[in-house]
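Submitted below is the structure of interest, expressed as structure tokens.
Each chain carries a letter (A, B, C, D and E) given by its place in the written order, and its residues are counted from 1.
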Amino acid sequence: MRTESRPAALSIEGLRVSIGGHDVLHGVDLAIEAGRVHGLAGESGSGKTMTGLAVLGLLPHGSRASGRIAFGGRDLLEMPVRELNEVRGAKIAMVFQDPATSLHPMLTVERQLTEHMRHHLGVGRKEARERAAGLLAKVRIPGPEEALRRYPHQFSGGMRQRIAIAVALACEPEVLIADEPTTALDVTVQAGILRLLRGLCDDLGLAVLLVTHDLGVMSAVADEVSVMKDGLVVETGPRGQVLREPRHPYTRSLLDALPVPPGENSP
Amino acid sequence: MRSPLARFLVRRIVTALLLTVGITLITFVLTNLVPGDPVAANLGQRAVGDPAIVAQWRADHGLDRPLPQQYLMHLEGLLHGDLGTSQQSHRPVLDDLAESVPATLELAGAAILVSLVLGVGFGVVAALRRDRLSDHVLRVLSLVGISVPTFWLALVAFYVFFFRLQITPGSGRIDPGMTPPPQVTGLYTVDALLSGRWDVLSSAVGHLAAPALVLALYTIGLLTRFTRSAVLEVLGQDYVRAARAKGLPGRVVLFRYVLRPALVPVITVAGLAFGSLLSGTVLVEAVFAWPGVGQYAYKSATTLDLPAVMGVGLVVGVVYLVINLVVDVLYGVIDPRVRVS
Amino acid sequence: ACSGGGSSSSTPSGAAGKTLVIDTSFDLKTADPGRTYEPTGLIVDKATYDTLLTFEGSDVTKPVPSLAESYELSSDGKKLTLKLRQGATFADGSPVTADDVVFSLTRVRDMKGTPSFLLDGVEIAKTDESTITLTSKTPNPALPYILPNPALGILNSKVAKENGATNDPNDKAEQYLNSASAGSGPYTIESFNVSSQVVLKANAQYWGAKKPYYDKVVIRNVESATQKLNVQRGDSQVALNLSGDQVAGISGGLQVKRTASAYVFFLLANQDSGVSKVTSNPKFVEAVRKGIDYPGLLELAGEGSTQASGIIPSMFLGALPPDQAAKRDVEGAKAALAESGVSDPTVKLEFPSELTVNGLSFQPLAERIQANLKEVGITVELTPAPVTTALDNYRNGKEELGLWYWGPDFPDPSNYLSFAPGKLVGLRSGWKAGADKDVEAAADKAGATVTDDDRKQAYTDFQQKLNATGPFMPLIQPGQNIVTAASVTGVEYHPVWTIDVAGLGAK
Amino acid sequence: MKRARLFGRGRVRRLPQAWRRPLAVVGTVVALAWIVVALAAPLLAPHDPLAQELPRLAPPGPGHWLGTDQLGRDILSRIMYGARVSIPLTLLLVALSVVVGGLLGACAGYFGRWVGETIMRLADLVFAFPTVILAMVVAAALGASLGNAVLAVLVVAWPAYARVTRGLVLGVREREFVLSGRLLGFSAWRSLRVDVLPNVTGPILVLATLDIGTALLLLSGLSFLGLGAKPPSPEWGAMVAAGVDVFDSWWVATFPGLAILTVVLAFNFLGDTLRDALDPRTAGAIKERAL
Amino acid sequence: MTMPLTGPLLSVEDLVVEHRTPGRPVVRAVAGASLHVAAGEVVGLVGESGCGKSTLARAVCGLHGAASGRILVGGHPVTPLGLRRRDPALTGVQMVFQDPYSSLNPRRRVGAQIADGLRAAGDTAASPADLLERVGLPRAFAGRYPHEFSGGQRQRVAIARALAARPSLLIGDEPISALDASAQAQVARLMRDLAVESGAGLLFISHDLSVVRLIADRIAVMYLGKVVETGPTAEVWADPGHPYTRALLAAIPSPDGAGVLPAELPGDVPDPADPPSGCRFHPRCPLVMDVCREKEPGFGPVACWLHEPEPSSPS
């Protein structure tokens, strides 16, 4: 059922990563398309986060990556840091798992929202500030003007994650990598974030790589789903197919372990 | 409206004041445990033989009262700014301290300044160049720094730099014969600067260099180590990764995102290190004939000069208080979570 | 980068602002002559106060006039008459009067400060505007030798009284006298700090013939080891306290003045059986006396030092000749120890830990004595203590064995009568009056003799008896090594005030 | 925090790696060498450390490799015998500090309330005072002797352990296995003994290793000031002090100083590596201690 | 609603628990909650993070003192745990904690830790190995240290230790939330089975409603320190009464591959130190009425003004 219509905004081919001589990714292949949410599932430690970090060249100290990460016709793995910095934040942005730790606790929201905007887009302080307020409004932070002056710890977890998403969107990137953006949040709050992500993808034509281990979340927002195990993608396909008729036994076992059998409807 | 920071500071001040009282109590108790009679130490040989004079002297110094009362008298004096009279110098302890404390503060201040600049610098470099050669070298050097016996290093430095190489000037704070600058702060370097006495300034800096560096070696090592681990810890934080993910240049990430939080533990350590510098001065001042509070303390402690020892205790307590406050205020400046919330 | 501020600015012979830097290990409590007793204080007071009589150079055998033009001792030795010099003035220009003299001397005596004993029992009176009489109840032939002591410097009584000086222990002038001097000496105090440095400046109006040479004299508190470095580098011009070892390696372009000092190191063995059953045993004392390796101690004290044959130092009248000094005799010591009846004795030897006398610490001496006595079979436990604590025990007569030194208060043998039983130092060794009639009698006799020859004989006798049965073992007289820059002239060691700053000049 | 731990924590498994680090190896070798020297001093030392029969102040050369001191004693032999004074005393001192500070800190942490408050305020008091000055006053008050110097340093050293232990105990006290134990009917004491203390010893021992150096520096510093070892004991700090008087004879002060330096350095190398290996997070607890 | 004649095994009435931190306002983490658990019954306690579930559980164990209200276990009032041994009458309440990495003492063999449980029950017949077997682990594992186990296995050991004390009431404070998805359901089922089998009550705390639905007989929904709704699981699931329960259930994404976005509940859990007036849920409630802003609905089983019981029947 896979539609080969659009070209991939980002494609990962044969990505291998080793940390301290320890192989954690053994050749990951992924293609992410504009305007679609690509879900990446898999158990803890399967290498989901490392895949996302490898794209931005943010692997931990002592790592080595090989393979190819194609973006805009270039291989990100080969790119010198200076040029990679032009891509990071501007073309490819990332949202991390825990909003409590991914925002700098000692800098105002404004600072964190505008710094890279001014750097990448070359806009002035005033304009950056206006755009920032607009972004906060877009992610539905009440009182955006006033919120700019506050510090992260003055917001709740859900709001912080919205701010983190606003930070990621600030330079209008083409690709957004969201590493378990809702895991640290309550279900009621999670629903809001998922809706936001889906909306951004649909409205802005963003290509989203959504990393999660929650198949429910996957089912709710992803268009494509990939399943990872032990540093390899074992299955990729459209959401409906992977979740309803998994081909790989591992995917099936994941689904079987769920407390509520798939297919059974909620009230 | 009292801000949380103000409330926090008030609490710290109160605690520190209580601590100071505690310190005076400890010094009082300790000095009274010392075997040996201050009377013998302070009266002339012949006068000691005359019971009337001894009794008179004891009464004058309140030594005939019960200990708790003596302590209360001491505290009462403190409230009136009276630290008593040194039994050794026969001068008000306050005057003695007014001379020796600035000397030590100048020494320790110079040392902490050097340590902060070098220690933090080295620490950052080591962290950024983690596991490379420069990191290893800096780590070993910082360990050496905290392992060198200060008193020995002072001797070696004095011998080598003053005597053999003849590049540092001799004992004291300025060249003998040079008139000290008009006293404003008591720190010769600052006072010389204020009064435009360039010759004095260069002499004072020259005299300060060797002892301050000797004193600083330990704290440089200490701060290098803590800065390194603090920076490494911050480098591992999500928000740094997030900042890098934003495509900010390394320099910006380092100075805006990494250093600030890394400085929080470093400030704590620097505050504590200042305390250890004050300790170190006891050993260094003797070798460099630096007329500071370390020598004064040593002399007072060994001569059972009770008012002087208690004066030193008090000064040290106040310095501790001030340093703690500075550290707390710096916390507030650095970390909005302390300031706002 | 920091070498610029070095020592170059303090050349002694520079035309303007001649500055002399003297390094010494401070033993300093006060600059108030009425209270001063410590060596550094005496240096300061010698330069800032004039006394009635003084000594010429280092010759202590003959007091010479100073503020007093002449003096005369009555034949019974009880009355000293002094004629005051006219025209002497204090630093503020006012004349030195007989009233100033009476006030100053009475103040010393009655304030009960450390030096008050110098004038114990002496009545001070003014006969007329230029005559002073000092009367004692007992013959006091030492008085002319006492008067040069800087502690007996003459104060400007008006200034002193304005600043709280009185004639009793309630005197409050010390604080003032520590910040400024009120004397007629060639220098005045510019600044004074008991622990770091004293700065003297020339008294431009000095009345005497010999004007102060230096505009400014800085006396700094410097450890003896550092003194050596300083003087070698030219950072200072005079180093007062170098030990024999330190002087041995001294190099190029410096003058070294070596003399035996008047300090006598001695060991005391407590005679109070309440303090120690062991040391109060006369045979044990003999064993110790014979067990000590005197040349070995001399070696530690270095060049310029000599063995002390008696308690009176070699340069004073009545000193014992060197051939009468004690000698080591290990066998004899062992025999004496066996005779004493104490087996395997262990005794504590106390000494001041941080005190140095002319750069010589007590510790190596004590360690060597410990090693010497070990050979004899006596275990010595060393208990160093800070001076204050150690002094306390010493003065209270609580030490089993004590290692101390005696510096003369005035250059007269009578000063050493304190070592007799029941006297000041005698008591410190638990030697009470009546403990040794023989020595006591010899002491009394020595104190009462007047003519020089008789005195010499009497003091020799006193010391021989003291050495034979007393609890004291004179050890050494360390050298006094004064090292100066080549340019400094007029360096003389003086047993009372170490060095006369005003006597120093430059080539 | 739903999934707090990303990685398992293999404390025990990581330990052997420590030995692969060169610093640890150097530290161990040097420390062991010193311990051997201390134990075998009578066999190794070329001379009697107390005999005063050699030429005085002889420079290093054949016969006496490190020269002789003022009294004509062989410095090498004295340094070797000095290891028998300094090292065991330092170890004893650290052990005492661990026991006293650790127990007080554990009580303060576990029982909290006024017990803890009192102990910690006392610790603060000591902390507020520069260590050397306080130790100096204590040593002066008690009288100069090595035993008293140890006591004096103990007075200033225990609060560091009390603080760290308290911090660790406070952390462990809320750990769930401790609560489980209490729920199963452990008394507070048993809980402290069985569940809490064994889980704080690791970091404390690391701190102790790091502290050996500091303790030795402090002890020898006191001896240097004349408040520690009594002559003729060949204590290193006292030996350095003796060298002050004879500055020109640089060897008298230099070698004992180097002895102190190497021992302190060895234990610091060891402690540093141990700390890295055992738990990077204790770094935070250890930072409480400066000097 | 029926109640066992003997009275419930655990009854919590109007419980208030406060956290006091110097320099901060008092946090009323549990603000008048009521809850009952009968013997052999499994009650699931759900609610958003920070609503006071753990605090309530700790209070029930005596790990936290109550500011007011009552906690009875088997008719016995729960007293806060001091320095002394826990009242033996209360060792019938045991707890399994959230973090499998800190729920076992890393320095002791698991066998010894299970033996502590046996000792608490005075059980001399059973051995630690027996209990390991019951939780599905090999008997030989008794000699191992905790670091040799995976998270799920540790949690089993923790359950074994709790069971060894023969509890009449077992409390699980999010015992599965730190486990891998594959282990979660297994461990939850195991806990339920063992509790029911031994006749003990089980209070199972979780924020994962799908798991709770799977094992709980009854469900209690907590919001900001209060239990806002209780009822048999199936009933609550099928027909949630409280608007909050409804929102909670609607927010669960289902892994059916249908691509249905879950419903969002605006706003966040308010600060328990400064709760809203009236009904605690009213600022977020889609069905808010005037009365909600003023008066707190102090009744059950659904504490909502929409479900105010007839005034006739006091219970």
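Just so it is clear, a residue touches a chain if its C-beta (ideal position, glycine included) is under 8 Å from a C-beta of that chain, and two chains touch if they have at least 3 such contacts.
Model, not experiment: these values are computed from the prediction.
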By Cα centroid distance, the chain farthest from chain A is C
Computed over C-alpha atoms, the centroid farthest from that of chain E is that of chain C
In whole angstrom, the CA-centroid distance of chain C from chain D equals 45
Cα centroid separation, chain C vs chain E, in Å, comes to 88
Chain B to chain D, mean C-alpha position gap in Å, rounds to 23
Residues of chain A that touch at least two other chains are 44, 98
Expected list for chain B, residues touching two or more other chains, is 34-35, 159, 163, 286-287, 302
Chain C residues touching 2+ other chains are 223, 226, 229, 354, 386, 389
Per the touch rule above, chain C residues touching chain B in the complex are 1-7, 9-10, 17, 19, 21, 29-30, 35, 37, 112-117, 120, 169, 174-175, 178, 193-197, 216, 218, 220-223, 226, 229-230, 232-233, 235-236, 354, 386-389, 391-393, 395-396, 424
Listed in rising order, the residues of chain A that touch chain E in the complex are 43-44, 156-159, 186-192, 194-195, 198, 213-223, 239-244, 253-255, 257-260, 262-267
Chain D contacts chain C in the complex at 50-52, 56-57, 70-71, 140, 143-144, 226, 230-232, 242, 244-249
The chain D residues in contact with chain E across the complex are 2-5, 8-12, 111, 175-188, 194-195, 198-199
Chain A residues touching chain B in their complex are 53, 56, 58, 61-62, 81, 84-90, 93-94, 96-98, 101-108, 115-116, 119-120, 151, 153-154, 164, 167, 171
